[in-house]
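Some notes on the structure that comes next.
Here the chain labels run A, B, C and D in written order, and each chain numbers its own residues starting at 1.
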Amino acid sequence: MPSERARTSPVPAQTGVVAGIAAITMTFAAFTSAMVMRKGGASDWAPLHLPPLLFANTAVLVASSGALEVARRRLRRDAPGGSMWLSATLVLGVLFIAGQLAAWRDLAAQGVFLATGPSSAFFYVLTATHAAHVLGGLAALAYLRYRVRRATIAPLGTLGAVATYWHFMDGLWLYLLVILTVFV
Amino acid sequence: MHTRHLWSLALAAVAAAAARAPSSGAGAAGTITGKVTFTGTPPRMRPIDMAKEPSCATQHQTPVMTETVVTGPENAVGNVVVYISAGDAAAGTPTEPARYDQKGCQYIPHVAVIQVSQPLDIYNDDQTSHNIHPLALVNPEWNKSQPPGAPPIHASYAKPEFIAVKCNVHPWMHGYFAVLTTSHHAVTGSDGGFTLPGLAPGKYTVTAWHEKFGTQSQEVTVAATGAVTANFVFKAQPY
Amino acid sequence: MPDTHGAPQGFLRQYVFSLDHKVIGKQYLGLALVAVCTGMVLSWLMRWHLGWPSAAVPGLGAVSPTGAPSGMITPEYYLSLMTMHGTIMVFFVLTTAPFAGFGNFLLPIHVGAEDMAFPRFNMMSFWVTFLAFAVLVSAFFVHDGPPISGWTAYAPLSAVGKDAGPGQGMGQTLWAVSIGLFCVGQLLGALNFIATTLDLRTKGMSLARLPYATWAWFITSVIGLIAFSVLLPACILLILDRVAGTSFFVPAGLVISDRLQPHAGGSPLLWQHLFWFFGHPEVYIAILPGFGIVSHILPAVARKPLLGPKVFIACLVTIGFLSYTVWGHHMFLSGMNPFSATLFSVPTLIITIPATVATLLWIGTLYGSKLRFNTAALFCLGFISVFVSGGLSGFFLAQPSVDVYLHGTYFVVGHFHFVMGVAAMFGIFAATYFWFPKMFGRMMNETLGKWHFILTFIGVYCVFMPMHFLGLAGDVRRYSAFTDDYMKGSLPLHRFITVAALFTGAAQLLFLYNLVRSRFRGPLAPANPWDATSLEWSTASPPPHDNFGGQPPTVFHGPNEYGVAGRSGDYIMQASPEPEPAA
Amino acid sequence: MGKVFAVIVVAIAAVSTTIFALHLWWPPPDISVHGAGIDHELGQTMIATGVLFVAAQVALALFVWQGSDAREGRTVKRFPGGATPLVAFAVVLVGIEILALTFVGSKVWANIYIAPPDSGALHIDVQAEQFAFYFRHPGADARFGGLHPDLIDDGSGNFFGLDPANDTTARDDIVSSSLVIPVNRPILLTLHAKDVGHSFYVPDLRLQQDFVPGLVIPLHFTATRTGKYEIVCTQLCGLGHHTMRAFLEVMTPDQYDQWLKTQAAQQ
């Protein structure tokens, strides 16, 4: 029998997301320090020209964060259109993943593969790990949209948690873009 | 490494050709004899320092020399595998196992010639652990240790190939498995001489293989009786 | 997503893919039991080989014809046994049993919740861990056998593939995949522990009133969250080096098995840094739950409050924090800048302060106590003794200048087996004897338990103390045999250790028998057999599906109300509404 | 039961301490200049931890013995002064110990690993490989030949991958499987690995250092006693790890010169 607390409390999801963010931060911190250390002692580091498409993808991801913020405010006020903005977030998120795939194909067409050199290896590893986490976020968004469509009351706790995660993915990508530009 | 790989492929091709060649009849009495020599200066063999493994070092009064190039009087080259690479009939698989010994931290013989699918028994005669690692490229590669007193390791190979063999535990230990399709083969001693008896009259390709000098082949026609001579001369460099 | 679920229907939902934290906790403990038996059999084979290198192990030839022809253990098979023993014990026993196992069963009850915050993640956590174990064990059955590069899997030995030796092909890849999966499983578990402790505490259960075991699980889960999220990327990079031809850890120009390796520019030290950044905190992941368990049980058996409870919590937090600053002490001699050795040595020595304080608090708690000598109590006392012995030998290894001599010797083996192996196992045993009645509703046999303790306690000292002697004499660890002149003099001592290890192992049969028999035949347990205070003792043995029968308890006291004078019982339960006694 | 436990704990502590104190198992005699510092540090740590070990185990046994008093009506006693004196005790005692050990120990450490080698040190190149050590003296020209991993050929004795055909400095390099050095002369080793990680450990020299593939790691020492000692590998390097060893032969200068001549003739 669900207790009163468990039904209403939004807190565990939020705590879980914060803890998850801490873990993901450590993962990328480990990748970053690995990259710094690997580059530091290496004579075989060849700079990589980032596909310009990445910047377009960045815009898409930032836009998706914006759309989610609009959705969140509307849902919180029970204003109309929340669900639609949620869908927009979802579409933009999928578009980002598609864009990343295109960027990889672009690099592959230039003959730059995972094992080509250390810089390309780190590029693929970082972007792919990020994309995997974004896919997790997309699944959460899809679940959220399903809940919003089904329920009369928006699940605000879940919404807040998913939004925190999604914005973190956004920020993480901006961070990756910077270190990829600087190091790779 | 790469050349060795090409070699194995070439050998396989030749072997395939051999399978189509006319067969040597029963009671054939033709013989090919010859001598393998070198010109130039061969690399000097060095004494092997077995200090790391006292149980082996004490077995040798004088230090064992490296065996990459073994030479004899009158520029003779030892450890050359001479065999019929074309013109021979497909031979049956011998069921008698060949024997390969690890004794005094040396492979005996240095080159073991076996036929395809012929069983090969590998013995550890030492009081120390050995490790047999045939670096096969065409055949499956394996890597097994053999503690003192362990039973012999049974091996066999399905495809012709010259396989370098090393002991991971004793870096100086190197040998070869020569896996051939023909039953007509010989390994030269330090006098460089070889004999390939029992050949039916006909045209053959004789090939000589040496781990450092590579391979040479020549066409030989064997008459009904008597011996034909086929000599091989390798060019040696000091380094 | 606060997940709620009613009592499950059907066998699969109830016992296999259960969302109930109590079932998941038992599943983790079952996995750990299988793992610990496997790991111990592997250690017996190793000890057999070290004592009598050329004697065949009866029957082993049939099980492992390649690794042990006619039962004779080959050097690579020995290293496989060692690698699998270390990996199984560290990951699948010392992490799963005290942390994931008992933590899962007890933490939600301790905080007064009906389940974990995310039951689905919790279930996934177990099954991913189970999969990780299956993948690891499958390495025994692949062509070349299990990996031989130790539980630390130092690159390039672990990164270059089959040229590095038998087991370094598919076996090593399976190892890396298994550990990667394990990280995922433990991360999901850690998320749950953190969210549950912070958010699902029942009314009145302030952080200050959390039982000490729960504090330890909470801090361990924070450590685990950070540690496993660093090991996971390290495993990904290792797998890529192995299967995708990248060069993160493999430098150029290596010739292995006569073959020039197709790698360039990688850094072997990078793996060591990533691994030990995880690896040292992992030691605390293994031992801190033991700290918590001992501090939880000790007041209940000593019938007096834990000395300095706030100091104890502070010790846990300090250890957790410092555990991230000391990883370099595993690498004093690995070619790091020699200045960094001093840098890592200082926090390593400082971390002994909170550990010393915790030990003194336990010993101080025992002062003037009225000890009840049940088996759980004995294992707590044994924990303290063993932890002192192992902790003190750490003083030697923490100093770079002494480590120069002792690094890589049996001294290290003796040290970490005492401090994280045996001590953590004693914590697990104490927890098992203490909470078994709660978990299964039946009491364990105390007579068997006491014999189990005495034999084990003497046994482990006979096994691991002599390893310190061996180390002092310069005996190198990870050697499959001491067949040459070197260290031949230590063979008698090795044989003594082997006999002691087999003896200690045999003593564990008493435990297994007791476990199985008590599960079905033990006398029924009352709700609170030990007169203990924490919330699990307020509910039935075993607890109902939602832990408290639909009524979440309200907490009025901390867990430390033992030895209360002037009343019939000498303790006050956390959920008891009576007022605090006058000090 | 409590008394049984107390007796067992005290017995274990007594036996262990006796064995340590009698030096039944102890490092071999030191043969290096720097080793005395390590031995001193080891001895100090042994005494300090030994005192703590006995004190802690005896206190544990004592309190357990007292706690086993089952008389009715006995009330529990609080530890005098509570937790504060224990914390202060731990911080001060362990703190002092840490300061002392770090202060003395870091000097010993610096002496081995941070101090530069003697400028006149005899330079010997060391290669570790699965599963042997090979040592290289520069020969008459006092210069080491370059290393070419692609030329490595263990079967013909070219363990280092020297290129005598094109590199004249490589032709007189003296390669041996034992580390032969003159006594009382500073030695500089440069350690590099051919394949995987290894370690260089000579207990008698009180010296241990890992080989890291891709790095060349310097190590220096002076041996003070002639004789033959074992060098072993202490970093897990593969299936033959336990057989990976070599000998250190410390000779008088005359013997060393003679050895060098003999070796030079064989190269």
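Keep this in mind: a residue touches a chain if its C-beta (ideal position, glycine included) is under 8 Å from a C-beta of that chain, and two chains touch if they have at least 3 such contacts.
A quick note: this is a predicted structure, and the numbers were derived from the prediction, not measured.
Novice: Indicate the lowest number of steps between chain A and chain D, counting one step per move to a touching chain.
Specialist: When the steps are counted carefully, the minimum from chain A to chain D is 2.
Novice: Name whichever of C-D and B-D has more C-beta pairs touching across its two chains.
Specialist: Higher C-beta contact count between the two pairs: C-D.
Novice: Centre to centre, using CA atoms, which chain is the farthest one from chain D?
Specialist: Using the mean of the C-alpha atoms as each chain's centre, the farthest one from chain D is A.
Novice: Which integer distance in Å separates the CA centroid of chain B from that of chain D?
Specialist: Taking the mean C-alpha position of each chain, the two centres sit 45 Å apart.
Novice: Whole-Å distance, chain C centre to chain D centre, using C-alpha means?
Specialist: Distance between chain centres, rounded to whole Å: 29 Å.
Novice: With chain centres defined as C-alpha means, what is the inter-centre distance between chain A and chain C in Å?
Specialist: One centre to the other, that is 34 Å.
Novice: With chain centres taken as the means of their Cα atoms, state the distance from chain A to chain B in Å.
Specialist: 61
Novice: Could you check chain D for residues that touch two or more other chains and list them?
Specialist: Residue numbers touching two or more other chains: 129-130, 154, 214, 238-240, 243, 245.
Novice: I need the residues of chain A touching at least two other chains; which ones are they?
Specialist: In chain A, 41 touch at least two other chains.
Novice: Give me the residues of chain C that touch two or more other chains.
Specialist: As it turns out, chain C has residues touching two or more other chains at 74-76, 165-166, 252, 257-258, 260, 266-267, 269, 481, 483-485.
Novice: Which of the chains touch, listed as pairs?
Specialist: Chain-chain contacts present: A-C, B-C, B-D, C-D.
Novice: Quick one: in the complex, what on chain D touches chain B?
Specialist: 129-133, 153-157, 159, 163-165, 176-178, 238-240, 243, 245-247, 266-267
Novice: In their complex, what parts of chain B are in touch with chain C?
Specialist: The contact residues of chain B facing chain C are 1, 54-55, 128-129, 131, 133, 135, 141-151, 153, 164, 166, 168-169.
Novice: Across the complex, what residues on chain A touch chain C?
Specialist: On the chain A side, the touching residues are 1-3, 5-7, 9-13, 15-16, 19-20, 22-24, 26-27, 29-31, 33-34, 37-38, 41-45, 114-115, 118, 121, 125, 129, 157-158, 161.
Novice: Quick check: in the complex, which residue numbers of chain C touch chain D?
Specialist: Touching chain D: residues 74-76, 79, 148-150, 152, 154-157, 160, 164-166, 168, 250-258, 260, 266-269, 302-304, 307-308, 311, 333-335, 338-339, 341-342, 345-346, 349-350, 352-353, 356-357, 359-361, 363-371, 373, 378, 381, 384-385, 388-389, 392-393, 395-396, 399-402, 404-405, 407-409, 450, 454, 457-458, 461, 465, 468-470, 472-474, 476-486, 490, 493, 562-563, 565 of chain C.
Novice: For the complex, which residues does chain C have touching chain A?
Specialist: For this pair, the touching residues of chain C are 1-2, 4, 6, 114, 117-118, 121, 187, 190-192, 194-196, 198-200, 225-226, 228-230, 232-234, 236-237, 240, 244-248, 252, 264-267, 269-270, 273-274, 277, 546, 550, 552.
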